[in-house]
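Structures incoming, each one as structure tokens.
Same chain, two partners: chain A is paired with chain B first, then with chain C.
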Partner chain A sequence: MARFADPHAMQPSTPGRTRTAPPQLPDDFWSRPRMRTYLLFDATGIVYLLVGLVALRVAWALKSAEAWNALLTSFANPGYLLFHLIALVSAIFVGVRFFRLFPKAQPARIGPAKPPPRPVLHAMLYAAWIGITVVLLAILGGVWP
Partner chain B sequence: MRNLLLRLEPIIWLLFGAGIMVGTLLLPGYLLTVTLAGPLGLLPDGALSFERAHTIASNPIGRVVLLAIIALPLWKGAHHTRALAVDTLGHHSDGLVASLLYAIAAVGSVLGILAVLAL
Partner chain C sequence: MADSPEARGGGEMRKRTFVITRFDPDKDQVPKTQTYEIPCRPEWKVLDALNFIKDEVDPTLSHRWSCRMAVCGSCGMNVNGEPKLTCKTSLADYGDTVEVAPLSNFPIIRDLVIEMDGFMDKFKAVKPWVIVAKEKAAEEGTYRQSPEQLAVFKQFSMCINCMLCYAACPVVAKEPDFLGPAAIALGHRYNMDSRDEGAAERNEVFRGEGTVFHCSYANECSEVCPKNVDPAAAINQAKLNAVIDWATSFVVKRGK
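Entry: the complex of A and B
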């Protein structure tokens, strides 16, 4: 059965002059394409939360060589590899979607300053993303310094 | 509890925003090397040896980046998981779910700060 949508989020600030039915969430809301992408974007939160907790384990493992080597061994476990592959796909999905939306969410001007045109801002975000990734790959991949 | 969450909203939103922006900028490089290529043996020998990893992480910039990789995804994750819970489970359990998720993120952040200071 359809349930009521969040009454706080959709309530008008003052009562309207006409009576309206309370907003309702359709049963199949989650399977509509736009909503599905939106829910998937939210669901990357679960992955990010776990990535943060695993990164915490990485930081604590840097205490001793034994702990560090044990960590790298456990990362070779197929379960960890699959999780981190999902995490990589999630991060790329979040980046592609967020960097596309970010330029549209900028204020038209802040005082005298105007943000760059949307395509330029979009390209700058990608340049930063690729640049940071290349630097991290070089440092953590043992190429530089 | 909802009142407290609303009062803290600006701080939570700032950390969430930093998580989605900075976290996403940093994650592919970290995930590709430390968690995928390293364990699969695709990196040059010694790239992720304890000495090298410790030197990188204990550098001042290394500490900040490591803390960002720990704490910011936690806040992005907590806030988005909360939004997912509101969308799928409804609003009535939001106070409890949100408090629990933000508590995980806050405790994780503190442990992350302690970890990078102890390097």
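Entry: the complex of A and C
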């Protein structure tokens, strides 16, 4: 046992009649499989912050052809390739987790409208994700429009 | 022999070691652990082993239990670090050593018994009862509800207040003011009830500090819930409802 929990967690508004021991958490709670997945999910926020900074750098490079070419050259760097690979894996990980949890967060009904059944909603999310990815790839690849 | 495991319908006895958290408020500053080695029947649940220790080995061990069939919600404990109803948790799923500790995130009164008054305080905060502006007269008959209307909230009404979700929630561990999964799920259950007219009051609670928007959707509560209430779903549905309620309050005037 270790004292990770806040000492005031779940304290009653009026103290009880006996002395209590402070709230505990198992020593290894953070390394348990489900909690590890959740913490990894949270940690992807750092990757998105870095992706945001790279996006700013891309926008900055639009000022001249030289800057743009320098940017493309730097993107060929193995470090950058690795970073983009990590960003891709993070996006897929977050997407899959979000799509798993999103359907059940839908209210039973919003006014007269009823959301579709969870499996349908699930399929719709994946279809939209794949569709948008294909469209973006087509635009970036110069195939469409 | 009448007392042999075979005579009682059991199979091979197996020796298991139980590492149990002990805390005596009169003597101990912090909880410690005590080890018991006992013979266990193959069909035993964790609670059976705890009762055996209490009855046959160490009568000073304190733990809560009542129904033995996962409906009273009394026997929630951490078994090998996971919040579990001990009456529903088979020893067959564990190895030779089993750690039993009080539920995480709760003050400990004694041994495996946690202080649940803080939980009850949080429960009251969501006004868990049907609120109606004006009670119907008895002659007007009962409040009727269709199966479809019941289906909207039935899942969220199955909570047995076992508090496993509070032990599993990472937000409860760090934010003492967080209302927590079961209380929010119960508030949401009444908001979804067709007979209830108190959604505006509860949504005001939900929009306050330490409620639905403090949930980071770790989904741990739903993973450990023994009755498939899915509190994480309730909390995240309540988030949207609280926002819709806030937005419509500008358009639709509400009387007191």
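Just so we're on the same page, the second predicted complex is superposed on the first by the 126 of 145 C-alpha atoms of A that agree within 3 Å, B and C clash if a C-alpha of one lies under 4 Å from a C-alpha of the other, contacts with A are read in each partner's own complex, and residues count from 1 in each chain.
Note that contacts are C-beta pairs under 8 Å (C-beta built on N, C-alpha and C of every residue); 3 or more make two chains touch, one makes a residue touch a chain.
If you're wondering where the values come from, they're calculated on a predicted model, not measured in any experiment.
Student: Between chain B and chain C, pick out the one touching the greater number of residues of chain A.
Tutor: Residues of chain A touched, chain B against chain C: more for B.
Student: Of the two partner chains, chain B (first) and chain C (second), which one does A:Lys104 touch, if any: first, second, both, or neither?
Tutor: second
Student: Counting only touches as set out at the top, which of chain B and chain C does A:Pro26 meet: first, second, both, neither?
Tutor: Only chain C; A:Pro26 stays clear of chain B.
Student: Taking the stated contact definition, name every residue in chain A that is touched by chain B in one complex and by chain C in the other, in rising order.
Tutor: 6, 8, 42.
Student: Can you list the chain B residues touching chain A in their complex?
Tutor: 19-21, 23-40, 43-44, 46-48, 50-54, 56-58, 66-67, 69-74, 76-84, 86-88, 90-91, 101, 104-105, 108, 111-112, 115-116, 118-119
Student: Which chain A residues qualify as touching chain B in the complex?
Tutor: 3, 6-8, 30, 39, 41-56, 58-60, 62-65, 68-69, 72-73, 75-76, 80-81, 84-85, 87-88, 91-92, 94-95, 98, 102, 128-129, 132-137, 139-143
Student: Please give the residue numbers of chain A that touch chain C in the complex, ascending.
Tutor: 1, 4-6, 8-14, 16, 18-26, 28-29, 32, 34-35, 38, 42, 101, 104-110
Student: Which of the residues in chain C come into contact with chain A in the complex?
Tutor: The touching residues are 21, 23, 25, 28, 30-31, 33, 78, 81-82, 101-102, 104-110, 114-115, 117-121, 152-153, 166, 170, 172-176, 192, 216-220, 223, 230, 232-233, 236-237, 239-241, 244.
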